[in-house]
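Next, two complexes with subunit A in common: one pairs it with subunit B, the other with subunit C.
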Partner chain A sequence: MDDARVARRGLSPRLWLAGGWLVLALLATIFAPLIAPQDPLAQDLMLERLPPFWLDGAEPGYWLGTDSLGRDLLSRLIFGGRIAFIVAFAAATSACLLGSALGLIAGYFGGWADRIISRVVDVWMAFPPVLFAILLVAVLGTGLSSVILAIAIIDWTRFCRVIRAEAMSQARMDYVESARIAGYGRIGIMLREVLPNVLPSVVALLSLEMGIAVIVEAILSFVNLSISTDDPTWGGIIAEGRLSIHQAWWVLVFPLITLILTVLSFSQFGEALKARFDPVLR
Partner chain B sequence: MLLQRFLVRLLTMLVTLFGVAIVVFVVIRVAPGDPIAMMLPPGASDDDIARLRALYGLDKSIVQQFFIWLGGVLHGDFGTSISLRQDVLGLVFDRLPATLELATVALLMAIVLGATAAILGARSRGTAIEAGIDVVSGATLSIPDFLWGLVLILLFGVLVPVFDISGRVSPQLDLPFVTQFYLVESILRLRFDLTWDLLKHILMPAVALALPLAAIIAQLLKQSLKEVLDLDYVVLARVKGFSETQVILREALKNAALPTLTLVGVQFTFLIGGTVIVERLFSYEGLGNMAIDAVINRDLPLIQGIVLVFALLFVLINLAVDMMYALLNPRLRHG
Partner chain C sequence: MSVCLDIRGLSAELPNGQRVLRSVSLSVQPGEVRALVGESGAGKTMIGKAVLGVLPKSVRIVEGDMLIEGEDLGRLDAKARRTLIGARTALIPQDPLTALNPSRRIGPQMTDRLVRILGWRGERADTRIRQLLDEVQIRDPERVLKSYPHELSGGMRQRVLIAAAFAAEPRLIVADEPTTALDVTVQKQILRLIAQLQRDHGTAILFVTHDLGVVAKISQKVSVLYAGKVVEEAETAQLFAAPQHPYTRALIAATPRYTDPYASLKPVDESVLAGLTAEIAAADKDWRPGHG
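And then the complex of A and B:
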């Protein structure tokens, strides 16, 4: 019990910080055209590699400096966040729906359904995920929907494995037996009784998966396989930063900080949700 | 009992590999874009294209292609790389040692770092030190290898440039090696100047891969240690006058390590999966870096070969861990 109380008390400020950053970043990307100080695509070779505002040689209006083509870094980060958040929500939700549905079926019904689904999960787990993602996007063609689809196709197993185990243990519980005796059908029990009980795990995983999706999108755009190269993406900015690291470190530092904060926030959020719903900790 | 378990696992492994082969094959064949057209200069005649398609077996049906390819694979023939015009298996074997060395160095680092943190945390349980280890490992765990790699590039490539952040070995060096296991061979040949140069290159990507795993090991091993430390035989050792560190190292560690071992096995496959992007980040000439080039060049045979080798590596590690677990777990050993 002591541990639980410590965990609860320790989590709250972290949860606030994590939530605060995500809300801030989300609002900034939604209102990007209003907030971004410059056009994220505007190139100006007179303004190339301007340092951030506190260094000598900075220009007003270019707070975080510019890249080697004179594009404003802050504006590119804000607009790049749009892609990151769209991918995070869409890909994580798709992976969640697919994986949870299959996990629920495998765990609750067992038998052949379980055997087939588990075998497919085994096969999926034998793929290096990053390589699989790169391969899928190369096959599907670059673009926002390909990136989302690729992440969903790869990461559904994360949900499937956890939900399968949970549904299995739930299926053995007394209340499921009572519902059966009360005359409910198997699918009815699965959706009305088992599903609500595994939902907390699903929600916690969903938050973690959003962080993972942001990273995968960044990796894909880092190897130039995400969306079209014109639109700013966090991974794309990082790739530029990696190239000009000795001339303009800020082009790498700021997207990196943004990514780390975002990923940490999603995972803290997921951990906090897990702790909140976990009956042992509660 | 053990043998039966092994055979069942072996069979499952083969089914998994067959599944991987099918998935890769199907995924690649539905890819739009003609790899043959990319090989030829513009204005090549239709005859040339047809001849090349036949040469690579691309004129047959997809099922035929699969079994031709699978038959070849079973004979060790993975086909010819379209972009590099070399034998796929040879290319893969040339690069695999670099990746294995990187992954092994990373794994060792993760175990040493993670176990040290776990022992330290278990020794000072309930203190600020343990709380500190928890916070640091929690944050370390949440940041993936890709981001750690970038952080390390900034810290030790730019801010304090002490390590190399690009390549596997300094290009101006004369390498006497006959195998591709440079690091191992440099030690065996007592060429420690080369070992040092290789280590300076491998260290940063290895740390990037090791950090998340080290954090997981630290958390899990600490938890197991704390549980074991309350057991009677450990209390007895303490009563006998052993210091807390001695108790942990001599008595508790052995029994607390089993759950961690299983987890390390699974996580090691994730670590190997991570080499793909980390190698890219550090321009390290391993299998993963070649894989990304292969995808970009739409080099189908090469992609297939690389993915299969990765999958083989993954299932072999899982098999090894499973067997090790069965051997070390007394309940299964005598069961």
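And then the complex of A and C:
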């Protein structure tokens, strides 16, 4: 009991730090038009490659400097976060629902359902995910919904595999047997006895997947396969920053830091949530 | 009154044709406690699972009938069978640690059976559950009902499971080694509780155990099982007074005694085992694997 409490206290700062960053970033993107100091699309060649505020030559109002077209980097990061978060939530949730449902069915029912679903997962995972994503977007056409769809189509297998394994071990538990003896149906048992026990893993994976979706979206926009080229995206800014790394390192470094912090926060947040959700650890 | 549980010539086998139950026949009268003893792997749990309709998928019943209060399980369709088993039977499981769902509170877990079998909900179910918790001598039902399983001790959990088993007034309870996972002092209390509730409710129990001491305390009749075959069946008092089968004699002799634990620890004699092997072989002589 004491160990559990120590562990919980140890987890809390992690939850607060990661959650704090995510809430901050999320609020900033939601209220982007109010918060962003400049128009993210406004170009001004007189203000090109301004350094961040603490360096010589910085201009007030351009806190993180500007890129080679004179656009404000901070504003672009904030607006780029919109795409990142929309993709993160929509794609991860879709992948989660699809993968968890199939995993639950495969793990709990076993037999033919399991054999078919597991073979599909095996085949799916034979494709390298990033290549698969690029291929899918190339076929579906660029645009926000294509990116979301592509990520969901590729990454449901992550959920499916983990949830299947957990549902399998749940199906062997005595309380599942007792529910069957009492006369409960299979689907009822799956939802009532099995689902609550795999939920902590679903939540952890969901959060982790949001981080992955942010990366995949960045990769796609890095290779110019995400949404229209005008709107700022983190991947797009990184791609531009790469070209001017020697003249303006900040255009590459700040979006990278933002990306890494966000992805890390999602995964840490998920882990901490899992511990919170688990009644034995709670 | 009809026989509570009647098993006639039940045989079951694994996919490879190996028999796990060999023409098992036994009956349990209403309100009677029938012990099923044997060593690990003798098939005693298998019989319990067969009655409750939760045999593992790999085990197939190839012969025999099971009747619960005169109703032949084999003649019912799957749904009617489930309903019958649900209404007339219950299980007291072996391991209280895995028999309660860790992510659900005790209260709703206990009312599940009442909802399903009797259609009782809300206050009616709640009153019933509290009454049962009182019968198993849980003094703070408020706390227990709101607890998660990990917040209770093993003994408390087993009490909860016993209360849940009796809650919907089944005619027959299968108790699958309900005291094995508990320590000795708690074992005694739990055994006393089961006996008490059994008498008060007039429920028949099929009591699966490997512990002859438990058998002597709780049961009226005993079936001794070896390799899925009933080798001896008798009234409990008679079995201990005058065991007929050499295996039964060896089992009784092998029970440790407090007065002299080491000297009394005798493994079953080689000649007895040889005799059993011959008996099993004879029973299997005209058995064609996979028939039926």
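Assume the second predicted complex is superposed on the first by the 264 of 282 C-alpha atoms of A that agree within 3 Å, B and C clash if a C-alpha of one lies under 4 Å from a C-alpha of the other, contacts with A are read in each partner's own complex, and residues count from 1 in each chain.
Just so we're on the same page, a contact is a pair of C-beta atoms (placed from the backbone, for glycine too) under 8 Å apart; a residue touches a chain by one contact, two chains touch by 3 or more.
Everything numeric in this text was worked out from a predicted model, so none of it was measured.
Considered on the superposed subunit A, subunit B and subunit C are sterically compatible, since they fit side by side. Of the two partner chains, subunit C is the only one that A:D174 touches; subunit B does not reach it.
Shared-chain residue A:I86: touches no atom of subunit B or subunit C.
Taking subunit A as the reference, the larger set of touched residues comes from B, when subunit B and subunit C are compared. Once chain A of one complex is fitted onto chain A of the other, the partner contacts of A:E193 are limited to subunit C, with no touch recorded for subunit B.
In the superposition on chain A, contact of A:L261 is made with neither subunit B nor subunit C.
Computed from Cα centres after superposition, the angle at subunit A between subunit B and subunit C reads 90 degrees (steps of 10). In the superposition on chain A, A:I35 makes contact with neither subunit B nor subunit C. In the superposed pair of complexes, A:Y184 makes contact with subunit C only, with no contact to subunit B.
In the overlay built on the shared chain, the residue A:L97 is in contact with neither subunit B nor subunit C. Superposed on chain A, the gap between subunit B and subunit C at their nearest CA atoms measures out to 18 angstrom in whole units. Applying the stated touch rule to the two superposed structures, the subunit B and subunit C interfaces on subunit A have no residue in common.
Residues of subunit C touching subunit A in their complex: 52-54, 57, 82-83, 85-87, 89-91, 93-95, 98-104, 109, 112-113, 116-117, 148, 150. Against subunit B, the residues of subunit A that register as touching in their complex are 119-120, 122-123, 125-132, 134-136, 138-139, 141, 211-212, 215, 218-219, 222-225, 238, 242, 245-246, 249, 252-253, 256, 259-260, 263-264, 267-268, 271. Residues 12, 15-17, 19-20, 23-24, 27-28, 30-32, 138-139, 142-144, 146-147, 150-151, 153-154, 157-158, 269, 272-274, 276-277, 280-281, 288, 291-292, 295-296, 298, 303, 306-307, 310-311, 314-315 of subunit B are the ones that touch subunit A when the two sit in their complex. For subunit A in complex with subunit C, the residues that touch the partner chain are 110, 173-175, 177-184, 193, 196-197, 199, 278-280.
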